[in-house]
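Down below is the structure, laid out as structure tokens.
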């Protein structure tokens, strides 16, 4: 299968290359970049030295894309929406990692992304890429939009409750996110001296992933409810933990049952709840580098609430790994082909 | 003023010594320790080498305490409740940093600390040490119980809302805590290789600080409501950030007004809300080593909720610094005497 | 190929399992453990949940080993030397990761490991496992001893100079090592609160890896000289950087030539020297999780000395990855089979 | 005493303010800044909120400096040499923290700093500010140049050997430095995602601090020898550890004697050597925030060499704290006035 990447200089681009370089069915054809055209890929991603010997291709030669079977777009929000229509002209399958094609209603883009979405008809053609929920749709899709990292974590953890109509009131999601989630962002507050040891909410309300979470959970649930998402940065580079407060109560065996029913056969979902054991509740440390999502839960008997915890690697299941899982499904491969990468531990 | 410490080998003991060593009105008299009696203090706390030249005193000589004006007890939960009655016999003022005298109802100890509190009458003599709220009571107290680090953070942030009766439903507190909060705890899951990069809930529900928070907020509020506290560990040693989700809504100017009214004259409380500035919302990084509590807030207009954020140094305002602030008040000194230590930044 | 592991509970055991689980030619047969016999492997190595479903086998059933083609021993120093003779009885190939069979002279063990080596005749049968230097010997070996992590880094970096007889005076090696190099070590100074932010020499002289380095470099060089190794811990879990000070001088093109000649065809050695580029000199960050060794150099024109820098992942090329590379060679497979794992970046 | 600061926006400026704000004899008069004139100091240094209420003064009003007793210059290298002559006109004492007045020979600036020093006569008026060695000269000085952080660490550790003429061959200095040493440096390789977990030599030879070290050690020693300094970055923000390899040998008691003789009465130097204890060798972790220098040593009996280790806080004894110590001496105060700040531990 011939694969190209548009916008391959960032972290999600590097992560796609890391995984695709050992995918048994993939040939990497072109890695396009505006700013790095002509440079060796390993000059921008030195960790790939000795692994990928290609150079970046200029976007001036975008027409070379026509021989690819699938294109991953790793462009930033706002840039992707301009590029995707051009790629569509070459009649290839597209997997977009930006936020530009995640929401169903064009009107939401004005509010949350501060731009007018000029291609609502394209929007309708994109399938939202959560394989564990929308496998069927993805398998038939020509265009897939990969969820935001906090969104996929939250939606998967809440899925059994949404599906059964058990979410009624506001869901609180407290997300703790590694710095790689915000890309190669050059500003004083991003430098090591400023960010090391820093624990803070960078977006304590009105986060862009919340309409995404609401849209798909309401779709699954067929109910209306709100999501309040507060995103925090926490002294790590890679990984997410989201703690979710649910205004609903069930006994533990029932919750176990839901997750087993819904995810028991999913290769990339692990249910983690072992308060007396070594790995008690989800922690990204135990899955870094892999495509796993670890979901756990606890009940508060006094308050009669449920606390969900969900961890994933924001660059793998939260972006590039999940994108490749979608690709596998779109092309009829085994869903886990090239993705059976064990986590690296300890690190 | 003559000061002694019982149980001075741990982190809160070390922190008391750090601050007291430069307190202009304090003479450190005895530092008692069972396991380290006879050793130099700087053998256990090497950072104090060149600063404190004393040795630890054996608990066998507890009677030496009678010449002290005040005793800080830094013993662990469960041990303190056995020792405090003995210290009381020497007729000194006591400031206890454990959880053993924080709750008002003896019955709560069985549920939350798994022991029978045999001295309910002593319990009644202890004042809960939040100077910004109970200054009057502390100034008259002979015995003060210092709040838990998450508890003091949460109660201070919620105080304006509790006081005005605005808390009606369950309050969700998502606490992110540095490892020093759990002391010198020797187990495999505490070693650096296991804990570095780890982001996890270590107590996602039913945390011991929640009855403390409920007790005093209800007292302030004169209303009943519940608190759900989830405590997380987040790749730092020192510092706490708590994010609090409040099922209540007000416009920003009103919230500013509450905090200014209630805390405008408090030396150790800083209100931090500057979404376009450099220091946007509370972050322990900006106050490490100091007695500051930084409180901030954001509103979610869609969900009509308030998100509070509160940061402090768990060993200073969350323990030893706050204990010394209480001491100053108990002895009629300026509240900030010896505590005007600027934060250390960056670190 | 049937593979068993003895002593699989530690970090090098976990790392062997991580890599072997995706090695296309390997079937993991037994993972022996004294303390964890009967437990699921993923109870001890939770990151392997969903990947390895086996249980630990008791050492009482060591005879099961007879059906394996090769056994990896991950036992601690001192324990391995007792177990290896027993494994030898089962007539399998052995790859030992401890220090017990690294040195050629039994007498050295008394000085450096504080025990009497009772099996000098077994010592002679072990080949020292640096594939890039002793490939031929490894391919014929029945027993291989895997080098220490600092030793393999230092020997590889110094190899071109040793081989050409250019090392004459004491070589200074300043090693900066991640905490995983010392295993799951339970003591107060290992806990997160104590070790985070700590930068210190833990063995500033007389390190056990120095006789290993001397022995093999002198063998290669046929000259006598000493090695002074100072080992430091530096606020990371995984990875090593060694800076080596060489009392010798050559111009840059000559040094490039040496490394290209000696390692130009080695798949796992990358030469890194690009002072104006992005990846200037070796840094373990760019190779974590992979079997790469990154070697770089700089000259000091004033002092007329050479500074070498060498980085590797202590658990991969510094232990388990290198052990698997040796296995591949011992069994006539491609040296890199199962080892073409790209580094994970950023992390 | 009236104090002003020129260039107060960076980390050394912030650190001066932290310490001066609690110095009992100091009144902070003006903090000049080009880029931040008119802003509140706490907008640039938010950790000082609640402590310093002043605004930055524009450099256009530099003449206000005339009422100050002493001026600290925290300008970058190259900028300071242009500003200092202007400040000299106002007839105030000057303490410069840049490298522009550290070297004695103007010619060295061309080689090491790539600029022509136009004021060699000013150069001659500056005293090199190591109080423990040049106390007499500092007490009489009008102008003091504060050493580089690696330089002061290295010179102090080597002083007893230099003074006794025991340094004959090249001294190797392997410095491990926190990120704050390079200031608020905005480039991609400085961002958290890139620098976290990174361990690398950023200047493995020909470092600017080496001529400084050579100049003053040769002055002390009256011998010629070279210094090879390799500077590394190691996953921390604050603190330095330098490991120094000395081609000289003495027994331990003799080394102890040297240090006791030379530094036994120095308040800010602690000799740390306790291989069986808790704090074995110097580690910046045990002195962060304080003005201490911790010096330790080990001997290698086989190689007959000495390994020195020296740790300090690069922003305190490596910059601003040491500058204030010089100020105290210049004004006849107790050397430690305002500097008896205990380290913060753990952090």
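Order of writing sets the chain letters: A, B, C and D. Residues in each chain are counted from 1.
Following the convention adopted for this analysis, a residue touches a chain if its C-beta (ideal position, glycine included) is under 8 Å from a C-beta of that chain, and two chains touch if they have at least 3 such contacts.
Source: prediction; values computed, not measured.
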item: Any chain in contact with subunit A as well as subunit B; value: C, D
item: Between the pairs A-D and C-D, the one where more C-beta pairs touch; value: C-D
item: Computed distance of Cα centres, subunit D from subunit A, in Å; value: 46
item: CA centroid of subunit B to CA centroid of subunit D, Å; value: 36
item: Cα-centroid distance, subunit C relative to subunit D, in whole angstrom; value: 38
item: Junction residues of subunit A - those touching two or more other chains; value: 11, 180, 188, 193-194, 196-197, 236-237, 278, 288, 346-347
item: Residues of subunit B defined as touching subunit A within the complex; value: 170, 172, 174, 176, 188-189, 193-194, 196-202, 204-206, 226-228, 230, 232, 234-236, 239, 241, 243, 245, 247, 278, 280-285, 288, 298-303, 305, 307, 309, 311, 346-347
item: Residues of subunit C defined as touching subunit B within the complex; value: 11, 179-180, 184-188, 190-197, 236-237
item: Touch list for subunit B against partner subunit D, complex; value: 11, 14, 18, 21-22, 43-51, 180, 237-238, 267, 270, 272, 277-279, 286-290, 292, 340-347
